[in-house]
């Protein structure tokens, strides 16, 4: 194994932190959105769906720019956030997590939606005849049954967050120690004529990280499935 | 409604073509990969899984760069392709489709895998007792049952392809009429001090395109589900 | 004793389900009808799983559904236990957690049925830690039954709960269902194809045919009605007698029953004197003699008068007999009918084997403890 | 006539399934056993759905599975039709396409069963364009049955195919299954809880209990064996007689059967003289008389000798009677037994109502056309 | 020491800026935090209140854009570095060409492409277009371009042999081992190629001034020169 430079280990730590919070914070929203889109028909559903999928169709840089305009200190939402809570997202790692979350959101929602679609609603009604309220049915029946889908969504979102570049660099810039995640560090190196070796090291690190995340998810998934099927 | 400029309509046509071929060409591979990963255990499975997910974790620009190294005229695969078939991918819209396909591949595979996971294998064995071979079971039972998942995978991949920027510009450059897709045109505009208005128009166009794609997919999905559930 | 009042209209594909009836659900109400008659659909509407196009359902004075008034009590607040035709066990929970799913939602004070009780009865101790996927068909159905019971519902809906069970298992579970009805005073709505089960269990019978409720009434009445034969089934034909325990013959393990037309000896029943009991006597178990035969093992010879002879052109004829006011049916060959010169008004003896009146043919009207001593 | 040779070992959770038996599957082979006995698992291994830990299966000389030789013929090449306990219809196909799924895979020349035939028989014409989700429980099972049949298999596996069906529907489908066996010479392996069904249909019986095959033999032999009573069930007790058509009484619609112990009159059977027929006479349908009673509707009085009297302490006793070499069982009250002074060696008359020998009790041995005229 | 001074610097100056940061730390004990990205991105971020103290841009246009909005201290704006455009080809290319008006660039390209930065927004691309137009070569190659998202990407295309030739900064060509310079564009074919440096409005402080001055020092100039940059011709 090779030893990590300070820059590398800092980028890794930061990337993991950003990806973790990106997934964790967006999961409840992702679940709610998937549920809403899968189970209900309402006016403006296609629009909501479209908005959720926007980060997928727009170039990441554009999404980052939109975030910057919206959430920058001078942006409508950003100024409100700052004045009310003293929160400022641009140029912070929290902002990086937000950018990653926004970019990964459609992936998470899709995966969860897909698994909500495939569960047998008869089981849910059966649970209700046993006295469980809608909420309780959701928590005890639906949620465990869609767990593999949620996991898949989270892994996808985590991986996407690890690799997020365009929106991040645009929204929170490339600030060492604060927002310079692995992909940003990688970008910086690629910009320097002799950076290939360093870039390669970072690329390998990214791959190792994602393999680890995937491996972990496979193990969890296998357990979940074992619980479900055998 | 606003009228489209020549540049805009060209970018739209190109984007649609690239996204369409990206999805169409990668679907068989996506299906095969999803099947392999979901149904079989083999040596190096985690590795294959990791490779498939790479485009998700690496910054798109890096992926584009790797494609260039691999498939460029002097790349190992690229020179072979050129000498054997006279095919050259960089700077062509086919190359753009490839870049988009690579970036979208993990999304497609995940979605399909998820739906393969949830089908009742009892139905497949039931079909085999009726004399259907494995292949025939796959075509007549599995495929229709996972159709919603395939559709979801395709939509995701299509949307991702529509929005692909980093890998595309690195691999096939930004050539008007050949590889300048919507995101590339949008990026150019956003990078110029007074490009906001033009950028906004393109962003709106992107959104409309993706809403249309999503809308269409919802309709197809509803039909599929109607066939499955009612 | 809850009053169930139903008036529903609902389209199902090409068929329209129309159910208008009222009955008391004090004991067990059976829904009987051929496959596709609409039994499951009706029960689904009662439980709130299927929303009727229009109509009303009320149970014990509480309106569960009323399309006109816009009332539709949510499934979970109807507190109706449901044993589904297809099990519907939760695949991600162990058998134990499936069983306690409903139980946990019942306040401690309101629990009248407990886990140990159900586990012991259904003999599922060894399955508790398994997943539903590792159960056989019959085992699944037993767990589903236990799960619904443990939710301690106000009324229990059972959709062919015993179809997947073998006879010995049925024989074990039927008394338990009776016990629920009697000791727990749990009203039950019971969908079944089996007239045997229904006679044994049910007080009230709802007959369905192609989406319509054709008749509602006591099991005795409906099974004795000739016009309902096409619905109740020819093979199952028979009459139900209202009897009471008149004496016990401890030595031979026999019990004597009194009814309007005389006395019947049946295998021992562990019931107090005077206790009311319903007995179904199938037409095919009744023979006819003009004079009481001697030296035979047939213990029950009831003097009757021939009331009617079925006109069906068939090797077999059904006789309607009157025994002091009680109706008895007998099925004999047309040849015997002619040989004996049977005709309405003739006095004959109905011969009924004691052993033909077995546990399958006995039902109950009143509340009491288990009444059959186990005979192996 | 295919020879089925099975020797299997397989762990199922805590239980081990051990099945070692050989039998001819010329007609219908029934697998009988209590819930959880391993019936479905055994059938799954035959079909190739479950891979045994070790052992061998061969059918008609062809080895389907042999763990030692590493043979495991793929499911689809075994060509064994399978009617599953839970239907397993394809949700994305219409009923029609479900039905033709297997049929389409049979070369035109090899098709012996066609769609119209099955649709008419199972009365599913009106369901053809529906999705399986819009079917009732019984309808699903009928479609599943039709689907398996239309695959024109070499052998048909049926796992409790009739459990979800009502009696009239069963009565319609049973003759069809017999027809398959007889006209199409389609061997069938039939899992059932119902001894009635088994007696009616099966030639060979495989008795299972807690994962073991306890006995294999003809239905007559096994149901007459006292030591197997705990497995075959007390309520179902009875003997099966091998008989032949001896005469027809057209006027009264009766058929006379000859057997070792004499003659029996039964409701009309549309069979040629001399045709062999199996008749099951349940112990509970047999009464005893010391002298033949007169003036009764009971047509069959068979002279027998008491061979044995069961010793069980119970209100009822079972008598084993010998009628010219054929075994007949009678169940009477202990009281009658004492009153008549019955003891081994005594000559008695067994009284059997003609109508007690109904369609449910008749099985067949040889091939021939439908033999029961429809009685309504 | 104190809070580091944040220097938003054009991506093409990454190496040089990093080295200067080290030199500054060694010499003064203060610290510089270089944040590198495309000049356009950095400019937009500064417009949205990014925590930048200094801005070293590859493009005068963006700095002017900020100056219009009074987002930089006008007085501090200065042309720090200069650069030249060169025509490059892969190191093993047999190509030879002199950049004179009327040269047949299209013939030299054959069926290959000319890699440049996107002339819509990449500064190097904009300069390249101006230079080609000045030489009357633009029309020859307008449909033979491979437009990259930044100048480094254009360089990579040439280095990997995908493009037959490319137009990049002299600084880039100097360090890339897999390309060779065919010719330098005459200075008069483009406006002066300069990298403006400015202090961001509201960030002016002693510490920032120290860095500002260090960047303008001879010591920094030496480092910049090492990386191929030249000093701008003093404005006349």
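The chains carry the letters A, B, C, D and E, assigned in the order they are written, with residues numbered from 1 in each.
The rule is short, and it goes like this: contacts are C-beta pairs under 8 Å (C-beta built on N, C-alpha and C of every residue); 3 or more make two chains touch, one makes a residue touch a chain.
Chains and their UniProt names: A, B = Molybdenum transport system permease; C, D = Molybdenum ABC transporter ATP-binding protein.
For clarity, every value in this text was computed on a predicted model and none was experimentally measured.
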item	value
Where chain B and chain C overlap in contact partners, by chain label	A, D
Per Cα centroids, the chain farthest from chain C	E
Averaged-CA centre spacing for the pair chain C and chain A, given as whole angstrom	58
Geometric centre distance via CA averages, chain E-chain A, whole Å	35
Whole-Å gap separating chain D and chain E, where each centre is the average of the chain's CA atoms	91
Centroid distance [mean C-alpha coordinates] between chain D and chain A, Å	61
Per-residue multi-chain contacts in chain E, two or more chains	41
Two or more partner chains touched - positions in chain D	134
Per-residue multi-chain contacts in chain B, two or more chains	61, 65, 187, 190
Set of all touching chain pairs, with the criterion as stated earlier	A-B, A-C, A-E, B-D, B-E, C-D
Touching residues on chain B, where the partner in the complex is chain A	46-47, 49-50, 53-62, 65, 106-107, 110-111, 113-115, 117-119, 148-149, 152, 155-156, 159-160, 162-163, 165-166, 183-184, 186-187, 190, 199, 203, 206-207, 209-211, 214-215, 218, 225
Residues of chain B that touch chain E when the two form their complex	61, 65, 68-69, 72-75, 90-91, 169-170, 173-175, 187-193, 195
Interface residues, chain A side, partner chain C - complex	122-123, 125-134, 136, 140-141, 144-145, 227-230
Sites on chain D touched by chain B in the complex	47, 49, 74-76, 78-82, 84, 88, 90-92, 101-102, 105-106, 131, 133-134, 147-148, 151
Contacting residues of chain E [partner chain B, same complex]	38, 40-41, 43, 61-62, 65, 113, 115, 118, 120-122, 145-149, 153, 156-157, 160-162
